[in-house]
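Which chain is which? They are A, B and C, in the order written, and residues in each are numbered from 1.
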Amino acid sequence: MREYSDLIYKYTRVDHLPHIWCAGCGNGILTRDVAVAFERLKLEREKTVVVSGIGCSSRAAGYLDVNTIHTTHGRALAFATGIKLANPELHVVVITGDGDCAAIGGNHLIHAARRNIDLTAIVFNNNTYGMTGGQYSPTTPTGDKGTTAPYGNIDRAFDIARLAESSGASYTARGTAYHTLETIQAIERGILHKGFSLIDCYSVCPTYYGRKNKKGSAVDMLIWQRDHGVPRARYDALSPEERQGKFPVGILQQNDYPEFIEQYQRIIDGCETEQERSAFIHD
Amino acid sequence: MINGINGVSDINGVSDINGISDINGISDINGVSDINGINGRYELCFAGSGGQGVILTSIIFAEAALLNGKKAAQSQSYGPEARGGSCLGETIISNGNIWFTKITRPDFLLALTRQSLDQYAGQVRPGGFILADSELTLPAVDVKYARLPILRAACQDVKNPMTANIVAAGAINSLLRLFPDKTLEEAIRRHVPAGTEQINLRALEAGRQLVAKAAA
Amino acid sequence: MSELRLLQGNEACVEGALAAGMRFFAGYPITPSTEIAERCALRLPQKGGKFIQMEDELASIAAVIGASVAGVKAMTATSGPGFSLMQENIGYASLAEIPCVIVNVQRCGPSSGLPTSPAQGDYMQARWGTHGDHPIIAISPSTVQEAYTLMIRCFNLSEKYRVPVIFLMDEIVGHLREGTEFPAAESLELYERVSSPVMGIDKHCYQVEEGEWAPRLNPFGRGERYNITGLIHDEGGFPTNNKATARALISRLLDKIDRNTEDICDAREYRMEDAEIAVVCYGGTVRSAMAAVERARAEGARVGMFRPVTVWPFPEARLRAWLPQLKGLIVAEHNHGQMLLEVERVARRPARMIGRVNGTLIPPDEIYAAIMEDNV
């Protein structure tokens, strides 16, 4: 009897399963969403690269059966920038977390967005530092607790999707562990999008964030996502009153701002017609 | 104002009535064709204020030396300012290997500002040569010198104050007879921004003329 | 050989890198290395290569490692403060065995220090800057010509041993202009990364072939699907906590340098044949020392110069060979005594230190005086 589905066999390294995530963690669902998006897009696995940083989210790379690189904390987008620029034929997808991309890697996030380089960043946003045991993160809501916020978090939380949008990302979307269909679609479209795309996916961390903040079980946390997240089309139809306490799931914004590598290629093409000007000798 | 009210008459007792230029001892300069500096090194020091282009002048002389079959080492020191602040270009020319890359006792000093003249004039080796802008007053040092209206020539003759460094280059080469004119012109072409070759070659000529007029 | 060109050390190192096949540069402006980024920005697109100015040095080294993973010879350039920021990922490249070259045009520190002034205060940092025991190679040029030729060697060693190589320049050479010749392209010996056509899918990408020292990782996109990580990993490239695997990996990483010092280490000796005193120095300091040694020799002193070109690993066998005839050892460096520790370790006796950390160059006179004092 086969232990796993065809999808799992095709896109994950089954000999490295089971994964290290806790029971109830949303990261497994989100990793599957990524695999489904790859499958739907028929991405050639040999031409696909998943880059991750450090943290719970970033262990996803090791399980996916493509080219994977588990880098240093916060730097996944910078590594990915080098990979994509060096070989634009590769599909380069970054899996990162809220601490990885919005705290230690915040500078790389805003600059990758500003350049609008053709990368797809998928954030497994669980509102905490899970790997180190539940410290407050840049997306921990004000007032919530973490092991380093025993009296409640006094910082305000980033909305990573809005942060990316305001920094110049030409595609941003919201996913959740609950809204699987919308999340898969958002990832798919993000990969297809030419430019910097970011899908900010709310994960759930019942072990640390949930337990510290009395959010109930993993199921309770998913139910919260169901009751507060509204697919984009339906959300748009809601009145301002009905939108109170709700958030849209799906594409948040998309535009066709020029992409970095295409623009750089134009510089190269322009240089080649100039035939290695003598400029380099006596400039 | 070109001249200080002190006039230009000074220790060497040579002055011209226009009070613009005074030149002393150029006939003693044999040029570097036989590298007559100490230890086979001929050290040129180009001092001014950031933005005046003295470092470019030092590069041009290093390039000319290479073109002329010599060895050259060029370096610079400067502060954080892109404009203003003191700025020093150093060029060492030799027939042999140049090891230590910094000026020790310059054989020649170009000074375009009072600060740079005050700072470096005392380091010029006895019997060395100083070229200063004619607005500056030379301290009492035992060297040959010339004071020429370099900055004014750039403004009035070349009509571009940014060319003072190339005016200076023309004057230096006429005074020291370091390289054939063509060599220096080629060195300039190699290092000035594209499109500015003509104005810089005019500046070079203006520098030569300053020496020709002063010597006349 | 081409005609002699007047080039700055920083410019020559870019031309050397291009000749070595470097086609990717990521960097962040910092004095006194900025001319390297500027020239790469101009030159790389002319060669079909890529230049990118990143948001900081953390990102620069990360992008360089990324480009190398994609199969392109890649480099970055920086100075002290930026070199400090790059250290974590230099360790990553050491462990994950990703070839890359990091140019550090040293300036006077610590901290922001004297940005436009020379120093050699990063000698120890080049070896031990990143955490953990790790392999590293560092090479230091003394002339503008060497900024070109040794840069090629940096890439060759990096590709061959799959190790980050530090090109440890200093402001003295970086901002110096001298006549430089470009050797004809066909005369250059370039080492191209060995990739393996037989590598099994996903299984043993970090397996090392018999008689080799580094794995034959193919660039991403060539057909395999494998994993790279900064965690201790097995031959399949996957993280493990197995202590035996950890020991085997770390030993191999260190051994690939330690057991190949004959191939890697390079030193230059000048007038050492009958020398009783040796001046040991590297990089731009060689310029002061050579002037002093020549002058002292002219006056009859039996003095020579020993110059590590590969400053890490320190060419200790080469130095050791001279020790029996030496009565005096003088170490000159633009710091407070860093290579001194290596020299004394190898010599097992004290050496006289001539150091300087005020942003000016050690004058030849100072070294000359020390030689003459020892020459009794």
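The working rule: contacts are C-beta pairs under 8 Å (C-beta built on N, C-alpha and C of every residue); 3 or more make two chains touch, one makes a residue touch a chain.
Small disclaimer: the values here were computed from a predicted structure and weren't measured.
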Central subunit by CA centre of mass proxy: C
Farthest-lying chain, centroid of Cα atoms versus that of subunit B: A
Distance between chain centroids, defined by C-alpha means - subunit B, subunit C (Å): 38
Distance from the mean Cα position of subunit C to that of subunit A, given in whole angstrom: 37
Whole-Å gap separating subunit A and subunit B, where each centre is the average of the chain's CA atoms: 61
Overlap residues in subunit A, where contacts from two or more other chains coincide: 279, 281-282
Multi-partner residues of subunit B (at least 2 other chains): 190
Where subunit C touches two or more other chains, by residue: 5
Residue numbers on subunit A that touch subunit C, as the complex places them: 13, 16, 45-47, 49, 51, 61-62, 65-72, 74-75, 78-87, 89-90, 107-108, 110-111, 264, 267-268, 270-272, 274, 276-277, 279-283
Residues of subunit C touching subunit A in the complex: 5, 15, 23-24, 26, 39, 42-43, 45-48, 50, 52, 54-56, 58-60, 62-72, 74, 88-89, 92, 202, 219-231, 238-239
Touching residues on subunit B, where the partner in the complex is subunit C: 59, 62-63, 66, 71-80, 97-102, 104, 190
In the complex, subunit C residues that touch subunit B: 4-6, 115-117, 172, 175-179, 284, 286-288, 290-291, 294, 361, 363-364
